[in-house]
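Consider the two complexes below, in which subunit A is the common component and subunit B and subunit C are the respective partners.
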Partner chain A sequence: MAIVKHEKTPARPAPLTERSVIGWMHRHLFSSVLNSILTIVTLYIVFITVRDLWVWGISDAVWIAESRRECFDINISGACWAGVLAWMDNIIYGRYPREELWRLNLGLIVLAIWMAPLWLPRVKAKILIGLSVVFLYPFMAGYLFAGGEKGIFMQIMLTAAILCLACNTLHSIIGVSGGGGLREFLFRLPVLKDAPEKSQRNILLCLFGVSFVAVFVWQIRWNLDGVPWTQWGGLFLTLVIAGVGIASALPGGIILALGRRSRLPVIRVLSTAFIELFRSVPLITVLFMATAMFPLFMPEGIVLNKLVQVIIAVCLFNACYMAETVRGGLQTIPKGQFEGAHTIGLGYWRTMGLIVMPQALKHMIPNIVGNFIGLLKDTTLVSIIGLFDILGMLRAVSVDGAWRGLHNEPLIFGATLFFLICFVMSKYSRRLEQKLSTDHKH
Partner chain B sequence: MTNSDSRETQEAREKLASAASSEVIIELDKVNKWYAQFHVLKDIDLVVHTGERIVVCGPSGSGKSTLIRCINRLEEHQTGSIVVDGITLNKNLKNIDHIRTEVGMVFQSFNLFPHLTILENLTLGPIWTRHMPKAEARETAMKYLERVKIPEQADKFPGQLSGGQQQRVAIARSLCMNPKIMLFDEPTSALDPEMIKEVLDVMVELADTGMTMIVVTHEMGFAKTIADRVIFMDEGDVVEENEPNEFFTNPQHERTRLFLSQIL
Partner chain C sequence: MAANINSDKPVALKPVEKFDFFNDERVRSVFYQLLTLAFVGGFGWYLFTTTAHNLEVRGMGSGFGFLSVEAGFDPDFKLVAYQAGVGTYGDIFVIGILNTIYISFLSIIATTILGFSIGVLRLSSNWLVSRVALTYVEIFRNTPLLIQVVFWYIGIFSLLPKVKQSIDLSAGSEVVLLNNRGLYMPWPEPGDLLWLTGLALVVAITAVFFLRRWAHKRQDETGKIFPTLMPSIGLIVLLPVATYLMTGSPLGWDIPKLEGFNFVGGATLPPAFLALFVALTMYHAAQLAEAVRAGILSVGKGQKDAAMAIGLRPNRSMTLVVIPQAMPAIVPPMISLWMNVVKNSSLAIAIGYPDLVAVFMQTSLNQAGHAIEIVGMTMAFYMFVSLSISWLLNMYNKRVQLVER
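And now, the complex of A and B:
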């Protein structure tokens, strides 16, 4: 005899213990006597810590004073933030000449304008924009920050950077306002639209050539005073080192990881040796090697400045760490993806670039951002070899005449700053992960 | 017929081959392959003519998947020769890439690209290896999606489709490359029973268009309907090769009889 159910069972809401706040608290905070005690004790510890911090850092703190002595006179039990505020310029810009600070700010603004299209809707060719940031912005920023005499190479790169920034911005404005991109816009101009296909190309080339020459001529007269690297410092220096490190770590890491997986023994062995060598040595050792030993290997007459040596060391070190992250990501891609790509005739580079890397990088986002955060924090090590990065400046506060002995407040300020930057990066990586997810698994 | 009696084999093979058109598109001659010490393919001889539909069956581990993977060089064979569409498969990379665009392949596990939409999955090959303009590639892709009856899924991601739909997309993806030969490696083995039919239907329709097909499958009903020839493999040998009616009703080799009695 068959048992048949003719009516469909309708879905009902879950019981109250599954969805109310009290139900949640009961399950997660007070599920047993021991857990209840632990919850109460923890809450009490959190409460007294926060209260003491609040009293010291906010309610009893001194914000306006001329010296540490004055801070003590006003309120001895509170924090002396006045010292940090007085040193704020130094902490951010180091000993960069005060009348030239606009150059650093301009550099930051240019970076923001250059990268903004990456987050704007309806803008095409974002990969190209990203690549132009990585490869052209450093030249522009380099000249803005360092100034001085321009060699012919620098002049060309600077021109390219300015031209690229202009095209980029124009392209993005057209894109956001819904006109496609720069290319589509140019082809709507009557001069180009009516021209035959062959001369279209020539017109574009001419346009490019003319604007290149114009910008080139203009930039010849544009001169900035040189600022030696010894005057760079503070948060600015930290961001320069970390920024170059971050921008070069991923491409370097990808190349090294592919090298390590290569079928050619020479490339594989060399990549592996390079990665393992750098990974098995602490960063501080690499930094000392770079500044003390590297000049010994260079041919006579070539003098690299310490900052460049440090940046090269940081880049290589992080590329090696990134290489292992990338390799881990590559291993998550099943063999079938390679085979699927091969069956539609894609060769090695296209398989990697179109199929494997996009998926692997997506899996690697948490690890990559983890690496970036580590890199940002590691750059404080350069203060040990005599560069005045943000940590160096924070510690310099305590040896300043008026603020002698003020150790805690600057360091706490620095810690908060690092926390904020790292926290934003980590949150952003979470969002990126969710946005890029096409798994659709529940 | 068995491998031991070579003269008779030769005659039978010629008879079977003459049923199809005379143009040879795939020719395997004494192909051998080893995985380290393990001998997977043993002296395989196989001639496929344009428009022929061949079903390969056999127990697991018999080398049937390896055989068709050698034909588009996802695996390398060690001795013997494989000629596909007039090109000998060897270490020459140019040849391999060319062969792969001429030979479509459908896998048991679909192997769609999960980070691309269905449409992008289909247009990727034509755009990057055939250098087809994007609009044209999209048009072709939609044409084949209609042929496999899921044009409405074009903008979804593979993860949002059922197994049967994914496998039909995989077939369409191969067809977009306009291949001369289609290889199927157990295309329905990973599917729920309800979805097997929709994939087989698409394959039957494809067979009706005259496509050269080599299908590794255990779907014997399918083999009976479309195959011109059935090849039975065991432990790296082609044990028996016959036209489907004879193969199923009158198997010659003892091993074939045992296999058929277990799966039918």
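And now, the complex of A and C:
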């Protein structure tokens, strides 16, 4: 007689040492004598550090005071955050006129509105939106921040920017609510739908022309007081320099990278030399070069201000780093893609623009974000040559009468601020990398 | 037609080549290259003429004659003899280069040791330890190096006790002292026969080299392992020590002594040096740790399993299987990190350590003018270092490729 068990034996739960908190601790903290000692020592060090930081930075810290002396009188063993709070406006906005601060905030809000569609689902033509941010937003922001007289070129670009922002927003709203895009929406209007094909285009052109003229006329009356660049400063200035740097580095980097991979020897050699020149020297030497040598390069009568010099230097420097990022992206594209493009008869520019770049850019996004983080951190160097960026402002706290000698608290605040920005961005880019790489696997 | 079909010869299908001047690829490529050359050349010519004109208008001289002009200032840290008022701008250039190389070299060594340690800790099976290492990496990677440099200088090394209350780092013997003027330590004073000890060391290292080669060869041929570690250490330590003692200990120490308000004698490292050294090391170690971690993780799990399957103990599987395969992934980023250490040492300017950029590109440029020459010389130095390091990297890559077959 065979002994046959008819019901399935249920799986026994794993032993207690494997599944509970105790099991986890056993495996990860106390798996051997050496490990246990390591854990206890580390725990002690972490405890001491966190406790001291807590006592200094939070529990003994002084938040409200008029001067550093008062901080000392209240509690000498804690941090004096009151000084940082008193200087907060300066750290963020620099010496920008206080009654004009709305312009900076508006600029930031406009940027947020402009870029928001990039993250919204169901919005089409994201590449175009991205390009419009890079090429048109700077003009709008430039006028908002600097103000003053606008030349005819600035007026046209400003009009284009406003119009583009309006179209973008409309487009995105239509897209999110499920109506496709602005184009589909317009063609669903009775006027366009019933019109013959030829006049459809004319109607659209007319619509565009009329709105352009309307916006143009409106912006003529829009006047902002000029704010000289010497009053720009703080985190705002850091972001402006880094923003311009990254926006111009991308096209510059693409051109340099294509040049470096070109089949034409002259172009290849020149691009390589340019890239390697700037990549092998420290940024500070490039900044010194800009301030010392650019004035000699200008024809008589033209004087570049220091901010422009710095921005040009940062752009040149960063374009070369971006070129290497782009080159890395281009190398991930298999040769078959180039050959396929050739086979269907595309020329060089179409191969690059339609086939290679769209794929390569997707691979490059995490590296571009990494590049931007690096640039943002490097931008603090402009304080060495006398611009009052965020680091310049943080160091200026200690020479202010009431807060004389307050060095550490502003620096730690600045470091924390940078840490938050960079950490969030790098985490986001890593997530993006994972998302894109899973997208790639079919 | 019929004749063609019947003939044995195949019909040569040669495409009709019509030379179209404007659409020919070769013509176009030459044209584009000439255009680029003309553009770059024109731009260069414009820069040259404008600069020459500007220099003339402002009455500024050019040429490298200024290098033999006396520089009226005295860098407060230097590795070679220099006298203010006598030393020239050429001397200043040399001092700057030596200072840059000095701090970069020490930081590179410290970065490599610290970076590898933290990278290994990041992979520790101990959860707490790996988390602490991760926290370290994230904090130091995500804050600007310049803020770190300034913080170490102002927040730590300038707040140390005064000279009278120096911190004694040598446990009571008062030979290594740290205070707000810097780090004071003994400096060796070589005697007459010290070169014999050096020679002994060289001999020992050569002997160890040949011993290891012989041991390898023997293992390849017979499979017998000859333990080389203990003999190697013995040779390298014992031989020089024996020589040193036999020649009568020909090495004196110049120990710092408190005289008046400061220490005299020994070697001194100013606070700016210490701050820059610590900041560079901590910042780049965090980045190296990530490279080390990525390199070790890039070795597939199967490799470790296979090593275990053929009976290698964990540490042998690490040294014989994992590390040799991880190194090709670790070394290239590590070498470019070394280059970054050299470049970032130029942040010295923010805290007054007299490196090349600070003494030459700032002080000398402000005093002597000659912007183009000075900027060119400084950049040429960094480019030279960069080229040397990429040469090193290429050598390594070539070797690795040969080993990989």
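Assume the second predicted complex is superposed on the first by the 376 of 442 C-alpha atoms of A that agree within 3 Å, B and C clash if a C-alpha of one lies under 4 Å from a C-alpha of the other, contacts with A are read in each partner's own complex, and residues count from 1 in each chain.
Please note the rule applied: contacts are C-beta pairs under 8 Å (C-beta built on N, C-alpha and C of every residue); 3 or more make two chains touch, one makes a residue touch a chain.
Small disclaimer: the values here were computed from a predicted structure and weren't measured.
A.B. asks: Applying the touch criterion given at the start, work out whether A:Glu339 contacts subunit B, subunit C, both or neither, answering first, second, both or neither.
C.D. replies: In the superposed model, A:Glu339 contacts subunit B only, not subunit C.
A.B. asks: Under the stated touch criterion, which partner chain does A:Thr39 make contact with: subunit B (first), subunit C (second), both, or neither?
C.D. replies: A:Thr39 sits against subunit C, while subunit B stays out of touch.
A.B. asks: Report for A:Lys435: first if it touches subunit B alone, second if subunit C alone, otherwise both or neither.
C.D. replies: neither
A.B. asks: After superposition on the shared chain, which partner residues are touched by A:Leu391: those of subunit B (first), subunit C (second), both, or neither?
C.D. replies: In the superposition, A:Leu391 contacts subunit C only.
A.B. asks: Among the partners subunit B and subunit C, which is in contact with a greater number of residues of subunit A?
C.D. replies: With both complexes superposed on chain A, more residues of subunit A are touched by C.
A.B. asks: Please work out whether A:Pro358 is in contact with subunit B alone, subunit C alone, both, or neither, and reply first, second, both or neither.
C.D. replies: The first partner, subunit B, only.
A.B. asks: Quick one: is A:Ala415 in contact with subunit B, with subunit C, with both, or with neither? Answer first, second, both or neither.
C.D. replies: second
A.B. asks: With both complexes overlaid on chain A, does A:Arg350 touch subunit B (first), subunit C (second), both or neither?
C.D. replies: first
A.B. asks: List the residues of subunit A that touch subunit B in one complex and subunit C in the other.
C.D. replies: In subunit A, no position sits in both the subunit B and subunit C interfaces.
A.B. asks: If you look only at subunit A, which of its residues touch subunit C in the complex?
C.D. replies: Touching subunit C from subunit A are residues 28-29, 31, 35, 38-39, 42-43, 45-46, 263-267, 270, 276-277, 279-282, 284-285, 288-289, 292-293, 295-300, 373, 376-378, 380-381, 383-384, 391, 394-395, 407-408, 411-412, 414-415, 418-419, 422-423, 426.
A.B. asks: Contact residues on subunit B for subunit A in the complex?
C.D. replies: Per the touch definition, subunit B meets subunit A at residues 72, 74, 93, 97-98, 100-101, 103-105, 107, 109, 111-115, 124-125, 128-130, 157, 159-160, 173-174, 176-177.
A.B. asks: Quick one: in the complex, what on subunit A touches subunit B?
C.D. replies: On the subunit A side, the touching residues are 334, 336-337, 339-347, 350, 354-355, 358-359, 362, 438-441.
A.B. asks: Where on subunit C is subunit A touching in the complex?
C.D. replies: Per the touch definition, subunit C meets subunit A at residues 29, 32-33, 36-37, 40, 47, 50-51, 53-55, 57, 124-129, 132, 138-139, 141-148, 150-151, 154-155, 339, 343-344, 346-347, 349-350, 357, 361-362, 365, 371-372, 374-375, 378-379, 382-383, 385-387.
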